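Just so it is clear, A, B, C and D label the chains in written order, and each chain counts residues from 1 on its own.
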Amino acid sequence: MAEDLKETGRIEAFSDGVFAIAITLLILELKVPLFGADHGAPTNADLWHRLAEDWHHYVAFFLSFTSILVMWVNHHRIFSIVRRSDDGFLFWNGLLLMCITVVPFPTALIAEYMDKSAANAAAAVYSGMGLLIALAFTGVWQYATRGGRLLTPGVREQEVADMSRQYRYGPLAYAVAFAVSFVSGAASIGICLALVVFFAFRGLTRSR
Amino acid sequence: MAEDLKETGRIEAFSDGVFAIAITLLILELKVPLFGADHGAPTNADLWHRLAEDWHHYVAFFLSFTSILVMWVNHHRIFSIVRRSDDGFLFWNGLLLMCITVVPFPTALIAEYMDKSAANAAAAVYSGMGLLIALAFTGVWQYATRGGRLLTPGVREQEVADMSRQYRYGPLAYAVAFAVSFVSGAASIGICLALVVFFAFRGLTRSR
Amino acid sequence: MAEDLKETGRIEAFSDGVFAIAITLLILELKVPLFGADHGAPTNADLWHRLAEDWHHYVAFFLSFTSILVMWVNHHRIFSIVRRSDDGFLFWNGLLLMCITVVPFPTALIAEYMDKSAANAAAAVYSGMGLLIALAFTGVWQYATRGGRLLTPGVREQEVADMSRQYRYGPLAYAVAFAVSFVSGAASIGICLALVVFFAFRGLTRSR
Amino acid sequence: MAEDLKETGRIEAFSDGVFAIAITLLILELKVPLFGADHGAPTNADLWHRLAEDWHHYVAFFLSFTSILVMWVNHHRIFSIVRRSDDGFLFWNGLLLMCITVVPFPTALIAEYMDKSAANAAAAVYSGMGLLIALAFTGVWQYATRGGRLLTPGVREQEVADMSRQYRYGPLAYAVAFAVSFVSGAASIGICLALVVFFAFRGLTRSR
């Protein structure tokens, strides 16, 4: 039992590390605007203008930061009722972490192409990644709860059933965003943004 | 109760990870001076000269490193008297962490433009970010202390009142730096530097 | 004893940090496809085409992510039966960590050259690094188990003997991949991929 | 008392995070050799040649990785006998961490200029940084031991005196490397390398 507790602790610590690094690396995509040698000394107006032009990079950063944060809170919630671990759980969690470390790549993709004619392809990759992450979360959750093997003794069945129901909506919502991306890149990203704001806001209000 | 303690522990671990990564990523902005192929073999004098020319990058690094360190000590102090957590607290803390991970971007901005004519815009973004962080800290603190809900039982009211008073000065000081940036970029950055040296020095002396 | 436990705990935490960062930095090698100014506005088809062209970067990412994850699980398993530490163990573990932090470099190398005529050299470096890591793992394991000095009291001899046997295969398998690289880069990388999928899959099935 | 223990724990966790990130970021300086479009398809021989040419990058990586690892073991040792903390200790430790996060910059400098005519300037910056780190370690150690305030009760005076003696050699050795850098960059880097190999080897042998 002590062994199991220790193992869960180290999985949480490693996962937290990966979440923390993935969320912090996002800022590396925000590049300082530079002006070519032929531009002359840039004025304040020049710099403000270029900073304003980069609005889609800020949207992409905000979207992905909030998404990873919501995922972390989710992961947190799963581990609050999982106390045991086994090799299968380790590798399901690893699959989830792989998808999460990938996030900076589709983020950079939508930051670059969100306002261009290739927005559909970029949004498809981004929402497709969201779909994969939602499926990986469902996998981790189902593996952990199947037969109650890995759960903390005394967890109420009702709580598990409530969370299981929620895990059905995530993949569905991202599947919609993915389908929409082929019609409108902006609408697809808008759905992802609405989803994450909804989850974050629900987090903020539920506890009052 | 054990559950709450565990949750606070994991929030601290995740936050520490984000602080540690954000503070360490700052160094990636310091680039080794390179000499074009048309320059010929650079001499020691050439390299010293270029290293000296980059002084504003070192100032920006020092300013932001010390700022994040002071913020970490602050975060540390808040969590030393907060023992419980809820979803609202998680998301307020997340908002604060988002602002902190952003720091490398305005840092790179002032490193690049501090000594150029666009210094006002760069300093406005930098001090504006400082203002946002100070407000986020105030938000975390007020959420945690409202009605004493999340505090460790037995924390003295006096200590909480003292810290609450301090949280009033931070946003005010950064608001001044922000306002000054439109007049003089250098003065605005100077205020940020004075603030952080003051906080760090107070930390060094208070304990003697 | 309490001292020893604490030391092992901090080695694990530091190692987990290094594993978590090395595994997350891999994504920085995936670059968003950019189109030169002379290309005109890229269409969705252009972007899909370029994303598809970069398949070898995704293979390299998947291979190295999974490899580091399997190594982490391995490291985890070693530390689950090691309870004491000494300076020699610290430095053996450090040698292992050095090899693991290097992984992003050969990964970038095979991502770049896997489908080019220099694939042999790239695969030799990659599988050579795998060989070094396998040897370092064997070193850590043998140092820890020699005379049972550092093991948790009560660990069954059978378990130790089972793990020792497994540590013989790793270096052998990577030595084969290294030798094969001089004949065919693709075959060498294929062996590395087969190895890691085998290890990961064994992890997934063993616990059912 | 419980409070103090908790504070030391979090300082260690944060410091470990900074050490782990700084040591892992070093690999980002190792760039995959690229061949210009005018070169044609690079052969295996071309790639091996370019990889061999970059030997000074590998030396710089090895030197800095081992240095940070030895510093981490040192930090580890200090904290094994320090149990209490105060604000002054937090900020001394912060100063030390700042110097350690800077390491990737002088590392990149010697990697670039070690075999060029500007090697003196690069080696001076590198060994100067080593000197600063050695002084910061001495500062942390002296602050912690002054009057025994922060030490674990029951630490033997002899152990403290032994460690204090060792802290006198570090700054001296790096001061020599710094002075030598103005005569020969290679000799200065050689001294740094010899120092770190000596420390690491002593670590490896002391425990046998």
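Criterion: a residue touches a chain if its C-beta (ideal position, glycine included) is under 8 Å from a C-beta of that chain, and two chains touch if they have at least 3 such contacts.
Quantities reported herein were computed from a predicted structural model and do not represent experimental measurements.
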item: Chain separated most widely from chain C, comparing mean CA positions; value: B
item: Rotation, 0 to 180 degrees and nearest 5, that superposes chain B on copy chain D via CA atoms; value: 90
item: Approximate Å spacing (C-alpha centroids) for the pair chain A, chain B; value: 25
item: Euclidean distance of C-alpha centroids - chain B vs chain C, Å; value: 35
item: Junction residues of chain A - those touching two or more other chains; value: 13, 17, 21, 25, 28
item: Footprint of chain A on chain C - complex, ascending; value: 12-13, 16-17, 19-21, 23-28, 30, 32, 34, 41-44, 46-48, 51, 61-62, 65-66, 69, 72-73, 76, 79-80, 200, 203-208
item: Residues of chain B defined as touching chain A within the complex; value: 3, 6-7, 10, 13-14, 17-18, 21-22, 25, 28, 86-91, 94, 97-98, 101-102, 104-105, 108-109, 112-113, 116-122, 125
